[in-house]
Every structure is written in structure tokens, then in C-alpha cells.
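After this come two complexes, each holding subunit A, first together with subunit B and then together with subunit C.
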Partner chain A sequence: MSVKAIDHIYEAIIEANISKADQYVNQMVLDTDYQGVLDNLLIPLLDRIGTGDETKWLNVAQGYVTSKILRRILSEYEEAVNVDDAAEHDVVVLCNAEDDCHPLGRMIVASILRGHGWGVVDLGIDVEPNSLLDAAERIGARVVGVSAMTYTTASNIHKVREEITSRGLTGKIKLAVGGVPFRLDSQLVAEVEADGTAANALHAPALFRRLWDQTVDEEGDNHER
Partner chain B sequence: MRGKERVTAVMKGQPYDQRPFCPLLSLYGAKLTECSLRTYYTDPASYSRGQQAVAETFHPDVLLSPFFMAGFGEAFGGELRYFEKQPPNLARPAISSIYELPDLNIPDPDSHPSLVYQREALRNLVIQHGQETIIAASLLGPFDLPIMIMGLESWLEIVLCDPGGVKQMLDVTTPFFLKWIEILIAEGADALVLPSPFLTPAILTCEVAERIVLPALRGIYDQLPCPVILHSVGGPFMPLLKLLGKLPNIGGAVVDEGEDLVMVRDVLGPGRILFGGLDGGLIWRRTPEELRVATHQILNERKDDLHFVFTATGPDVDWRTTPEQLHAILSAISEDGCT
Partner chain C sequence: MLSFQRSQKMVVHSLGRQIDIIGVACSVLHPEIELLQAKGEIAFPVEYLDSRLHMKPELLEKALRERCDDILRSGVGVVLLYGDCHARMHHLCVNPQIARLDGLNCGDILLGRQRYKELMKQGAFLVFPEWAQRWRVILNELVNICGSCGLDIVHDTHDKLVYLDTGAVPVPEMELDECASTLGFSWVNMPVSLKHFHSLIQDAVTRLQTMPGETEIEEA
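Let's look at the complex of A and B:
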């Protein structure tokens, strides 16, 4: 995969031009095996997106095009090597907050996490805290991600924190949050007692990795004691 | 001056006694009257009582008919979800794919309960407050309405990938949009507000807007019988407003608190109305003193702008806001005085 092709795909993401992105991604899928795609396109492209000035405030269309590219590549990968993704990865649980019915941001985050090698269990919209924590405990997720579109539904995320506390899971399961209200109101993350948020969907993998590793570190500290 | 005279003076660039105040208090009327939101958003009389309370408590210069975007989704066949402290939301859109479009029922504005509710609520406002206050009505444009018909994800995918699908959808939403505008004007609306939940930089890139949206909208907006006010619904409107502002019949724009008002004024030009102010979603977090200071600061920055209206930006003023907080803004406007 040439550097120039990466430039074109990056440009297509910035413009949210899906047909332009498809043109180069399709060619790449035809020409290259998965390892080549991973080493020469996916990792450098995601690095560039994650650090680029243009993508600091990625909008929904750009995130959507990125997730579409990732889904396309991952579907090719699954067909080629027949891997059941969640079995081999660290698995996290995503959902929309209770009463929140806006799935798009969450779906983009799910695609982007999968593109970075995470297993994702996606519970969908309007999820009550006990359902979220039941799922997280069942699969051994150390991080749960909750998305909200409005101030009111974002404030419902505090119930997830209460559920984590009441189950004695503080420090064992971290709470990541995302959505427009968290960008507009800098106090909201602390108010719902979340463990972190990301500037946009592309920064979610770094956030989830950091939170995941914190739980591992904290578990190690507890064992040493 | 009465509110109507004040806003009319702003439109004409004539002197007025104090800056008009135009907070989005559509939802807040339910709080003041302790009305359940299921009743408030289905019963025009309840909505009228809520707005009567808004008028008596705050004397705003503009009153709005229901700011109820999901109501259009319901009218097209979607299902609503009601909440305790925020406007209803669309729980399930009418369709999920463009292939279902031929089977979509286009609602009849004369008989569909959701549209009849909106009309009656507007009519009541005009009758009860229209002499002294500007009555504004909101509606969704041809590119924004589809997210209430098929959901944001499906519509975004069509806009990004399927030019034929865009045309098919616009063939549905454009006639409805133009017809609904006629109806709102006939019911007595003084001003029309177009919230932009889709045409916003948080969703679209300028490249997509230039390539796909603007060519389609130019012809449609050319047919508008009167200018409309664009509304950002929260979050930045620039740089997309630079493009949308070039469409015909744009009378002004409501922009977010964080927006650079000098830049927005440049984009709108000298004669159109610029609505700016404090974020209605976050007023509740600030003390009355902070609100007074912030209001004075914005008014001072716009002191030479005859076409500026002070507003609470974003969607509805948050339920948690107290009347004291809104009164703090009102007093600052009053202290600021005349032009």
C-alpha cells in the first residue's frame, strides 16, 4: 500500500467522501493480504487520524466514513482467516444511557474499537444500569462505555456509577462516557462520576486501553497487599 | 415598547428601548405549570397554559410554538418516547431504509393528531399573545426532516453514499416542508425557525454540504414565501453557516454561546438578525451574578449591532434552570438599556 493511497483515504475521511474512500479501500483489499493491510494501511492510518489536527474535532460524517472503512476491512479479514473476534480480545460493553435513543455515535465507537482489536458487546439504546453491569460481569469486561446525546440522558449515567458502587465493582470496572453533552459541558464527566471521556470516537481506543490497564494495575496492587 | 415592536425595530434596524430577549422556553412552560410532558406535548390547551406562565413570569419578546422536532417523526409514523424533564424523543423512526419510502404515509396536516396539536398550539399563542409578542414557529427543513423519518444513521448513509436516495427522500420532504410553511403562516406565525439537527458541522463536513446539500436547497429555499431563521440547536454552526447563509431567504441565525459573534456577523452581513447569548442547556449551572456579568459582556460586545437579539442558545432551556437565573439575565438586559 503506497503512502499516496493512505493520503487519499485520509483525505476522503476528512471530506467524508465515502465513494472516494471506497475506491482506494477496494483496491487495497484486492491487492493485499490482511497482514499487509494491517501493517501498511490500518495502523498508520489510525495513527494519523488519532493525531491529526484535522481530526481533533471529528464530526459524525467523518467518524461514520472511518467506521465504514474499518468495517469493510474487518469483514474481509473475518472471511479470509475465519476468526471469531470476541474470543481472542479484551472485551468491553457499550450502550446508550437509560432513556437515550441516539445510536450513531455509539456504533461508530464500536467499529473503531473493533478496528483496534477490541471485542465489543453492544447492548444498544436505552439500557438500564443493571443490564449493563450484568453483561459486563458475565463477560468479564473491565470497561463499560455509555453514550448520551442530551444533557438529561447524560445525567442518567450517574445511575451506572451507583450500580458499579453498589455491586462492589469500583476499580474493577471503569466507566467511560461519550457524546455531545460531554464536549459542551466540561463539568459533566465529574458530575456523573465517570472515569474518563474522549474528544471523539477515534480517541476511544486510547481511553479504553488506559482505563483497562488501570483496572489491571489496581488489581495487581490489591493482590500485593 | 412591547415585544413585537421591539423585535420589529430590530428587523428594521431602528432604535428600541432595550435588547429583545428570546429564550427558548417551549419546554419550560411545562415546568412552570407542573404539567406532565405527555399532556403538554399532546394537548394544545396545556401548552397554551405553559406559555401563558412563561409570558407572565419572564415577559419574553418572542414566544415559540412547540419546539418539538420528534413530533414530525411521530406524524410520519415513528414512535415517541416521553420523559419527565426533556421533550419527547423518537424511539423508533417510521422507516429504516430508503426501500421502505414508497410505503411511507405522508401525514395529513388537517387530521394527523401530532400536526393538529402543533397547529392548535400555534393558533392559541397567536390569539392570546400575538398582539404584543412575536410568535415564532419551528419546523424541520428538507434535509433535517429525514432524521425524524428514518433516523440519523440511515439518512447519513444515504447522503454520503446514495445520490438517488437523497432525491427520493427530498421528493417526500420538500413538498411537506413547503406545505407546512404555508400552514404556519396561515395560522399566524410571525417568524419561522429552522432547527438544524442534521445541517450542522457536528454532523456534516462543508465538502458534503457543498457537493450534495446546497445545490438541492437553493431551488427549494428560492420558493419560500418569507425569510427563515436558522437555528444551530446547540454546538458550533460555523463553518457550515458560511455556506447555509448564502441560501436565499435566510433572515438570520441563532448561534451557540461559544461562537465568535463577530465572525458570524460577517457571514450574515449587516442586515440579517443575529441571535446570540448564553447556552440554555447550561444556564442552570451559573449563579445569577455570573449570568448578569456574562449577559452584560455579550451585550457590550454587540452594542453597535442593531440587528442583534439576546437569546438562550441551544435547544430548550434546561429544566433545572430556576426562574431567578432567567430573571438575572432579564435584569442585565434591562440595565443595559436602549440603543
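Let's look at the complex of A and C:
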């Protein structure tokens, strides 16, 4: 995969031009094996998106094109990725907050996490805290991610914290949050007692990795005591 | 925050007062509000802001703030006929002279929480009477429907078109056919009573009238 092709795909993301992105991704799929795509396109592209000035604030269409590209590449190479081997992945649970019915941001985050090698259980819109925590405990997720589009529904995320506390899972399951209200109000993450948020969907993998590793570290500390 | 200056005089709180009210509404609810006014179920005047401000939340926030400031300066309470439509809506409603409808958005306001959530889980794309006539403009501003990924965005998150038939205007069948055809969906007509909407308005008015008021008494 040439550097030029990465440039074109990056441009397509900035322009939110799915057909232009498809054109170069199609060519890449024909020309390259999975490892080549991973090493020479996917990782460099994600690095560039994650650090680029133009992608610091992605709009809906740009985020959507990014997630489409990732989904497209991953579906083409599904066998090579060996997606059935869930044990190889760290698995997290995503959902929209209770009463929140805006799925797009969450879907983009799910795609991008999968693109970074995470296993993702996506529970969809309007999820009550007990359902979220039931799923997280069942699959052994150390991080749950909750998305909200409005202040009202973002405020409902506090119930997730209460559920984590009441189940004695504090420190064992971390709470990541995302959505416009958190971007605009820096106090809101603390108000709902979340463990962290990301500037946009592209920064979600780093946030989830940090939170996941924190639970591992804290577990180690507890064992030493 | 609102530039709502408290008096330097002593303030005494009182309950159950009668106050003048002006409604500030999203124009998406214009037909339904006019219908309720015609039936005598809304007894206060209502001003409208363009529903397209939702596409640019920062402009919606600014317009609402400015309009509320103007009204509050005249000592009149404000009923905001809006949902939680931008991320700082709650800042505006900290002021006890402002009461917003207890709804997430216009779909929730018209349908009620349970019915709204059921439709969302079914992948419904809600079409409101006010913007059915200009669906193409709205969809272009919402997801750039003419762009290369606008349709993909709609299809990834919705399966069908549901027209909320509030009875305020005749069902615009031709426009709905065109909209459905463009999106590649079928559309269904869903009759919607205005009872829930009316009860939310009544609740907001009651909150305004029972909030601690301010009776100014000259300091000794």
C-alpha cells in the first residue's frame, strides 16, 4: 500500500466522501494481504487520524466514513482476523444511556474499537444500568462505555455508577462515557462519576486501554495486600 | 448563564402566584400549538424560533438565551416548548422564571416516553407535520442527503419512515411519498393525540406558578 493511497483515504475522511474512500479501499483489498493492510494502512491511518489537527473534531459524516472504512476492511479480512476467537480479544460493552435513542456515535465508537482489536458487545439504544452490568459481568468486561446525546440522558449515566457501586464492582469495572454533552461540559464526567471520556470516537481505543489497564493494576495491588 | 440580575433589595419568596407567561417554541411544533390555542387549551402567547436552528446547536443556544433574556426583563415568565435540544439547555432552565417541557425532544414530547422509545428501537425515522413539506432541505442539513454518505447514515440507523399525524394539518401524502422514495423506505401514518403534549405544557405552567417567586420589599 503506497503512502499516496493512505493520503487519498485520509482526504476522503476529511471530505466525508465515502465513494472516494471506497475506491482506494477496494484497490487495497485486491492488492494486499491482511497483514500488509494492517501494517501499511490500517495502523498508520489510525495513527494519523488520531493525531491529525483536521480530525481533532470530527463531524458526524467524517466519523461515519471512518467507521465505514474500518468495517469494510475488517469484513474483507474476517477470516484472517479470526473474529470467532473472542478469547483473544479484550471485550468491552457499549450502549446508549437509559432513554437515549441516538445510536450513531456509539456505532462509530464500536467500529473503531473493533478496528483496534477490541471485542465489543453492543447493547444498542436506551439501556438500563442493570442490563449493562449484567452483560459486563457475564462476559468479564473490565470497561463499559455509555453514550448520550443530551444532558438529560447523560445525567442518567449516574445510575450506572450507582449500579457498579451497589454490585461491589468499583475498580473492577470502569465507566467510560461519550457524547456531545461531555465535550461541551467538562464538569459532567465528574457529575455522573464516570472514569473518563475521549475527545472523539478516534480517541476511544486509548481511553478504553487506559481504563482496562487501570483495573488490572488495581487488581494486582489488591492481591499484593 | 443568563444575565438575570437579582435585585439588591430584600427578596421574599411566595408560592402560588399568578404570573404572565410567554411561550417560546420550536417551529416544528407550530401547527400543534396553534391547534391547542384554537381549542383554548393554551392561554398564553407563543413566539417561535426556526426549527432548523437544531442543525447548529450553538446558534439555537444563542437565540434561545437572547429571547429569554428579553422576555425576563419585562418580568414575564417563559414556558420553553422545547425538549433537551442542545447540550446547555439545562443551564437556561436553572432560572426559576423559565420552565421547559419535560421531554427529551419533539418526538418524546408528542408521543410520550414509552411510545417514543419503542419507535426508536424499531428504527423509525420520525417525520413531523411542520417539516414534512420541506423534508429535502431538512435532510440535507441533517445528514447531507445529497452527499455520498447521507443515505448510508440514514440506512444504518433507521428502517422506516413514520409520519406523526397530529391532525393539525392534512397528511402531506405526496411529500411523504417523495421522501420515502428518496430514502428507500416505506412510510406509515401514525395518528398522535395532543393529550400528552398538552399535559406537559400544563405541568410547565404549574411549575412556573409554584416556583418560589420574588416579592420585593424595600430594605429598612
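Definition applied: the second predicted complex is superposed on the first by the 218 of 225 C-alpha atoms of A that agree within 3 Å, B and C clash if a C-alpha of one lies under 4 Å from a C-alpha of the other, contacts with A are read in each partner's own complex, and residues count from 1 in each chain.
Operating definition for what follows: a contact is a pair of C-beta atoms (placed from the backbone, for glycine too) under 8 Å apart; a residue touches a chain by one contact, two chains touch by 3 or more.
Being a predicted model, the structure only gives us computed values, none of them experimental.
J.: Let's test your reading of the overlay: on subunit A, do subunit B and subunit C clash or fit side by side?
T.: Here subunit B and subunit C cannot both sit on subunit A without a clash.
J.: In the superposed arrangement, does A:R167 touch subunit B (first), subunit C (second), both or neither?
T.: Neither partner.
J.: Quick check on the superposed pair: does A:I14 touch subunit B, subunit C, both, or neither? Answer first, second, both or neither.
T.: Only subunit B is touched by A:I14; subunit C is not.
J.: Per the contact definition in the header, classify A:H89: touching subunit B only (first), subunit C only (second), both, or neither.
T.: Neither partner.
J.: Check the residue A:V180 against both partner chains and state whether it touches subunit B (first), subunit C (second), both, or neither.
T.: both
J.: Touching A:M107, do we find subunit B (first), subunit C (second), both, or neither?
T.: both
J.: For A:D99, select first, second, both or neither according to whether it touches subunit B, subunit C, the two together, or no partner.
T.: Touch status of A:D99: both partners.
J.: After superposing on chain A, which stretch of subunit B overlaps subunit C: 9-17, 225-233, 243-251 or 297-305?
T.: Stretch clashing with the third chain: 225-233.
J.: Go through subunit A and flag every residue that touches subunit B in one model and subunit C in the other.
T.: In the superposed arrangement, which is not itself an observed complex, subunit A uses residues 16-19, 60-61, 64-65, 99, 101, 103-104, 107, 126, 150-153, 180-181, 183-185 for both subunit B and subunit C.
J.: Spell out the residues on subunit B that touch subunit A in their complex, using ranges where they run on.
T.: Touch residues, subunit B against subunit A: 81, 83, 85-86, 89-91, 151-153, 156-157, 159-161, 201-205, 207-208, 234-235, 279, 281-282, 285, 315, 318-319.
J.: Which subunit A residues qualify as touching subunit B in the complex?
T.: By the definition above, subunit A touches subunit B via 14-19, 59-62, 64-65, 99, 101-104, 107, 126, 150-153, 180-181, 183-185, 187.
J.: Which subunit A residues qualify as touching subunit C in the complex?
T.: 16-20, 60-61, 64-65, 68, 99, 101, 103-104, 107, 124-126, 150-153, 180-181, 183-185
J.: Which of the residues in subunit C come into contact with subunit A in the complex?
T.: Subunit C reaches subunit A through residues 57, 83-85, 87-90, 104-105, 113, 116-117, 120-121, 143-144, 147-150, 152-153, 156-157.
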